[in-house]
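Going by the order they are written in, the chains are A, B, C and D; count residues from 1 in each one.
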Amino acid sequence: MSNEIRSLNEECGIFGIWNSKQASNLSYLGLNSLQHRGQEGAGIAALNNRRINCIKNIGLLTQVFQDMSLLNQLNGSSAIGHVRYSTSGDNKISNIQPLLFEFTDEQIALAHNGNLTNSKTLKSDLEKRGHIFHSTSDSELLMHLVRLSDKATFQEKLKVGLNFLKGGFAYLILTKDAMYVALDRHGFRPISIGTLNDGGYVVASETCAIDAVGGEFLRDVLPGELIKISDSGLEIDHWTDETKQAICSMEYIYFARPDSNILGINVHTARKKMGINLAKESPVDADIVIGVPNSSLSAASGYSEQLNLPYEMGLIKNQYVGREFIQPNQELRESSVCQKLSAIKGVVKGKKVVLLDDSIVRGTTSKRIVKLLRDAGAKEVHLRIASPPFKYPSFFGIDIQNKDELIASKLSIEEMNNLFNSDSLAFLSEEGLIDSIGTKFSEKYNGLDMSYFNGDYPEYLYDYEYRK
Amino acid sequence: MSNEIRSLNEECGIFGIWNSKQASNLSYLGLNSLQHRGQEGAGIAALNNRRINCIKNIGLLTQVFQDMSLLNQLNGSSAIGHVRYSTSGDNKISNIQPLLFEFTDEQIALAHNGNLTNSKTLKSDLEKRGHIFHSTSDSELLMHLVRLSDKATFQEKLKVGLNFLKGGFAYLILTKDAMYVALDRHGFRPISIGTLNDGGYVVASETCAIDAVGGEFLRDVLPGELIKISDSGLEIDHWTDETKQAICSMEYIYFARPDSNILGINVHTARKKMGINLAKESPVDADIVIGVPNSSLSAASGYSEQLNLPYEMGLIKNQYVGREFIQPNQELRESSVCQKLSAIKGVVKGKKVVLLDDSIVRGTTSKRIVKLLRDAGAKEVHLRIASPPFKYPSFFGIDIQNKDELIASKLSIEEMNNLFNSDSLAFLSEEGLIDSIGTKFSEKYNGLDMSYFNGDYPEYLYDYEYRK
Amino acid sequence: MSNEIRSLNEECGIFGIWNSKQASNLSYLGLNSLQHRGQEGAGIAALNNRRINCIKNIGLLTQVFQDMSLLNQLNGSSAIGHVRYSTSGDNKISNIQPLLFEFTDEQIALAHNGNLTNSKTLKSDLEKRGHIFHSTSDSELLMHLVRLSDKATFQEKLKVGLNFLKGGFAYLILTKDAMYVALDRHGFRPISIGTLNDGGYVVASETCAIDAVGGEFLRDVLPGELIKISDSGLEIDHWTDETKQAICSMEYIYFARPDSNILGINVHTARKKMGINLAKESPVDADIVIGVPNSSLSAASGYSEQLNLPYEMGLIKNQYVGREFIQPNQELRESSVCQKLSAIKGVVKGKKVVLLDDSIVRGTTSKRIVKLLRDAGAKEVHLRIASPPFKYPSFFGIDIQNKDELIASKLSIEEMNNLFNSDSLAFLSEEGLIDSIGTKFSEKYNGLDMSYFNGDYPEYLYDYEYRK
Amino acid sequence: MSNEIRSLNEECGIFGIWNSKQASNLSYLGLNSLQHRGQEGAGIAALNNRRINCIKNIGLLTQVFQDMSLLNQLNGSSAIGHVRYSTSGDNKISNIQPLLFEFTDEQIALAHNGNLTNSKTLKSDLEKRGHIFHSTSDSELLMHLVRLSDKATFQEKLKVGLNFLKGGFAYLILTKDAMYVALDRHGFRPISIGTLNDGGYVVASETCAIDAVGGEFLRDVLPGELIKISDSGLEIDHWTDETKQAICSMEYIYFARPDSNILGINVHTARKKMGINLAKESPVDADIVIGVPNSSLSAASGYSEQLNLPYEMGLIKNQYVGREFIQPNQELRESSVCQKLSAIKGVVKGKKVVLLDDSIVRGTTSKRIVKLLRDAGAKEVHLRIASPPFKYPSFFGIDIQNKDELIASKLSIEEMNNLFNSDSLAFLSEEGLIDSIGTKFSEKYNGLDMSYFNGDYPEYLYDYEYRK
């Protein structure tokens, strides 16, 4: 699925440091290890002498801070940062985060990962009260609600505001006194806390970012929690008690980095297990197993191990074909998968190949890769997908909100097999997926959000309900 | 070795199209697949209506042609292109290739891969005759020699010029009438020819670039050949008969892309065989085998297969840490390998690990990766290098010209083992390497340049002889 | 005063087109002729198919639209634009105008010239109601007030909002149905309306911009007016009847372009008259008259004409020393006036010179120019200022809010004469200025804001009252 | 003529400092005051510790050195610099100067103002000897000739080289030991020498640049001189004795800055005299005199003074319409003179106007300005040109090499008057021009090159002879 990067994207990575030397430098390193979660924009807000400064722009983190003197302007011992994916047309600078609110009496910086499902309704209500919104993203909404509250403390106001929100959110909020972390009631998005050698704290969307700054993992943030990190240390509060764990299964399948642990489970290990379970469910008598680099290599190695088949490097990815690579014209565009992936003829020629992919979204890539392998001389190509058919749109933080974009919602497995020109096609079962990830929560599906595959959304969809 | 990218670099990739639609677009695609051979500069010269236009600049190919209208300016049915690595300080625009010479009576474009060993002497002689050189690279030299010749045809002049040159070179030259390919007498650098569907020809440093434009491999260029491609087709000529095959062994070990074939041998397959042979020579009773991504994965899979040990993904590479990534400051710089590579704790924790790397140059990376694995909980780390100790500088096209940069020229294997803090360290033998690659030429070392390992240079070093 | 450009700056120029072909192209031309009113940022918002798109950025107009394809994206037959000067530190992109408000139910674009005097109070009140402000400029305020109103029509809401505001403002507002122009109750800032050949309308801060797009001057906007321009034509409404004309006298003295007419009076002609009146009040028996280019040339020609003295080009301005010119270092910085202005020795050598300048703000430039003329051989230098001593800060749209920046508020004329090392120094009287401009309004000072010179502010200063 | 800037351009300004603190900073200031002589490219080469470093690029000087750290890299106490105009299509970076030649045994930097008339022949001859040229400008030629010479010293070699050259040239050459200045045998281009307070020397195309760095004018360089400036001081040598003064009359008419002195004559004063003489030759009974800003203001003031007519500011120039200003589209392009110049209606309305311009090249501007004045209400427009009809192309350093571009070579004065729609048209006579400038050399035309007007070229045209 690595080639469908524009069709399936998480919306953000967030990262924060409280009370450590080089807070913005560490944020730069941490955000860089979260760059896979969003490549459209990046920014860091740092607290220095009780003032917050923010620098952000469109582009990769390294592009935003290409001039290192920008980073040096962000002095201070606390900071929050954000990397953003945005849907096309809305990649305006005003949507890049962290958002920095400059009130007459205080400054607040905010970074958000997720998608609210009742933002349209709330925004409309607030506009009727005369409020003005400046970004088209829904991340700004919380602050309006907070400012409307007449509670005594910021923490209490935050709780009031959070209780209005529906959908998926992990918030990181910086004030002159504290850093707050809040997670939605289902825990759709991962977010973890670590400690630093010098006594500081680190918060990140994935544990790989805690590792990247030399932090020690402390704990995951749990559904409904509102955690305050200040000079008094870590205070665990709750904005709601009505919680039900439903972590996004696509984080394990595709989004997260293999070296991250989510709720205690290593992502690579879960993916390998998906390959093992898929091999048990849908074995093939083949010569070699090949994974689509890089996201499907874990599953491929599990599949090959289970069936004792050689795991081979039959496809390689061109590291210089990034987002900025443009096919010169339409005629050449159709061959574009060839620019991103190449088959090693010496490996696949004359072989019965099992091709592992982590998931299928639009299906265009699958078709191209099968062709690529056949052109390289593969005798047979058996496509194995290490997740169930992706049939239902997502509304909690992934940019697929339309059934029509999902090939599995329109075609049967047999029809897809014909379309892709593969010799056989099989998907991992839902049970196989749940077993592979291995969460043990008491909630339905062991605490996983499986709605991509079965349409069983963990909560009412509010503004999106009609799209179901 | 992926992390020592600045310390060991080939100097170029060259690519050409003769007589095909979209010559410059195809050159863009072909060069992009050769981008791993040089990231400092890129350019394309295209022939249109008997006039040659050239666009080139500092940066990656996609940066140079970020404005696609530039590519559209390069109309015509023939083109040559170049991607360049240059030593620091000399990455001036005047050194970026192709070089376009604008004479009163003709235009000639030239692209060069390799390094001449007598350029200093020749340049000094020509300056005494009043010649002026404009680039600090030695690629310009050939044209001075050609222009001095009083032979009747350009092809004859070229032969005269080439006979003055010593060292490694693959030239691609474009005139209004033909495209010429010339290879040095030892064939240090790979260069291959393919055909296109519409009757055109393609020439490239590696066969992966022929694949990238949908070409069909025709033949490799052989030592001493001067090939003319024109509207009359392909004409194979020789500028010398005194040839002795000595293809650079580092192309197989590290430089070339795994899906390329060099002299008929697939690079991935050769690397896998290096892993197999290394396993036979220096086996370890370990739990898992891990390769340094991406260049050592082939060798790691061979090593694991031979010993029937699990081949695991224990290290992952951060795709967003490219050349442009800068550590914010010195204190953080020492941890930089952590930004490029991460260990998956779940995989390595408590394990006896065999770590495969393709080669060791300065040794700084090896030390860091061993530490990375130990920090992730590895019980033992056995380092296995899929090539012999790199002890001698290179003068035929790689930017290592100083023994002092090579750790293996200063320390014994035992000393290196101590330095890296590995539990054991072993290198592939020279015989093992030669067997792995599997060339069958009658020349010494089966036609390989093995001087990196044994100092047995295939020819006299001229200007560099004193450095031996 | 041309060299004190950073110390005295109007805050904006605004321009709009309703219902004409090429609305954004005309806006580009119109704004370019208003560029002297603000060089920090520029933008255009265009209405197309009932949707408003806005492009804006930091820099000169030609820099913002360097890529002409940006302008082509702004299709549509109506548009408003803005050029901005901003005080240092606040030249953030979020402050660049037009501001585009994206409500759930409508879009509104707004451009503002002027400065509100009660914005701090209003903003604080609105924040208490939960409103959030996103720019640090006060231009956003009006929209909050409009959205709070429960009146039936946008026009009625606008009136409610405008009635909250104090200070100087000229607003240009674009909705999908109409373009609105509103002027404060004193008419501090100039703004005029013209017609286009094809039936369209043009609105601009100065008439030179109407000329620049080939428009025909129709009328000036008057204090308290709210004009609606729609497909039904021009509708003149009033948001208040309590008006008192007090047009900014500095527009005539320095800000406006000489070819503009303000309230029917040509700026060049007014300046020339200032020179004539100054000659009557403070004649000098000199050899030649010289003006500081370019803003003081009109006054100099009037002065010379009145006294029948030769008007000479003794100073020339280096057109390549713009805002982007930076003195390499401090040592050279002190000589910077020499980079901007040069004296023609052949003209001034041995002469008794009258040097005309339009005004004196900080006085640093005056000192330098006198020295420049003396170094060039002038025998005597008599400084004549074509406006009264500038003693009081401005709060209605000019970036001087501090008495300490004004040399005339600290020193007597004699002390200034000593400081500048001039042979004599004289300023135009207040009466002379009023007579020169020649407005005939019944209000005090013939309808001019003369507060710069006498501290007699046309209205209470609200948030700034304490600074008086 | 200010609006025909693209049709008549001098090719360069050169500047050098020997042995002074801040050599490159002073060069930056000096070149900035020469920016009017060329806006396509700029560069500075500085000598530090006997090594020369050079930084140059396309664009204005302030753009090339926008990053001030570049200037700081150019340490050292001696430097030469260059601003360049280049004909379209050849504004390649390889043509930007100074040229820095890196020989095995020495470095030489060279800056050139002028145009050689036998470069094609010389280049062709040298190419036959095997020489390779890298720029398309002819500035590189001298160095090839110098390097071919077998004379003992660099100074002797330079003399040999210079004796091969025909046409116009002022060279500034920097070696590790000295700075050399050489002028062609006719002294077509101005170049002057000054001294600095700290004992250093300054060399510049115009004296305004000597003033700009606080230097004291020492002497002009004379035809045939080769001046060596070294730590031993100033040594005046001659590369030829066959000299004949023929300074370019267009320098006085249009190119040079009014505050510069050329061969002891102030440019502004000469222009004013042109206006006076023109008034004597072709008086008009008019109401006011207007000059085309900025280059024709001197002549206009002379004209008005002579006839005792009011000299009025009837046209103003938009300072923000520079080279980078692009008309959005063709339809608007035709009105482009309106963007650059505006008429002040209050000044010209109902008046009989004399419009002074310095010269007419293509005539397109004249037509537009007459229309601009008529549209503003002028009753009559009498066009007076302060130089004779420009009929013959130039080959010594101005980019007009084609008769067809010159309106005066195709039309009679009466025909031009009709074309421009002026009420009358008159040019200054050749005698009037010569008298105005006031050179007193014994050579023909008092030492002026008058070939623009009479085709009497001071020397044979060599490669261009056929174009006469």
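FYI, a residue touches a chain if its C-beta (ideal position, glycine included) is under 8 Å from a C-beta of that chain, and two chains touch if they have at least 3 such contacts.
Keep in mind the model is a prediction, meaning the values are calculated, not measured.
Centre-to-centre, using mean CA coordinates, chain C is 36 Å away from chain D.
Remark: chain B and chain D have CA centroids separated by 50 Å (rounded to whole angstrom). One finds 62 Å separating the Cα centroids of chain B and chain C.
With touch defined as above, chain C holds no residue shared between interfaces to two or more other chains. The touch graph of these protein chains is a ring, one cycle where each chain has exactly two neighbours.
Contact annotation for chain pairs lists A-B, A-C, B-D, C-D, with touch applied as defined. Residue ranges of chain D in contact with chain C, taken from their complex: 22, 25, 28-29, 32-33, 35-36, 60-63, 66, 68, 71, 208, 211-212, 214, 257-259, 261, 266, 268-269, 294, 297-298, 301, 305, 310-313, 316, 318-322, 324-326, 328-329, 331-332, 335, 338-339, 342-347.
Listing the residues of chain C that touch chain A in their complex gives 93-94, 101-105, 120, 123-124, 127, 129-134, 136, 140, 143-144, 147-148.
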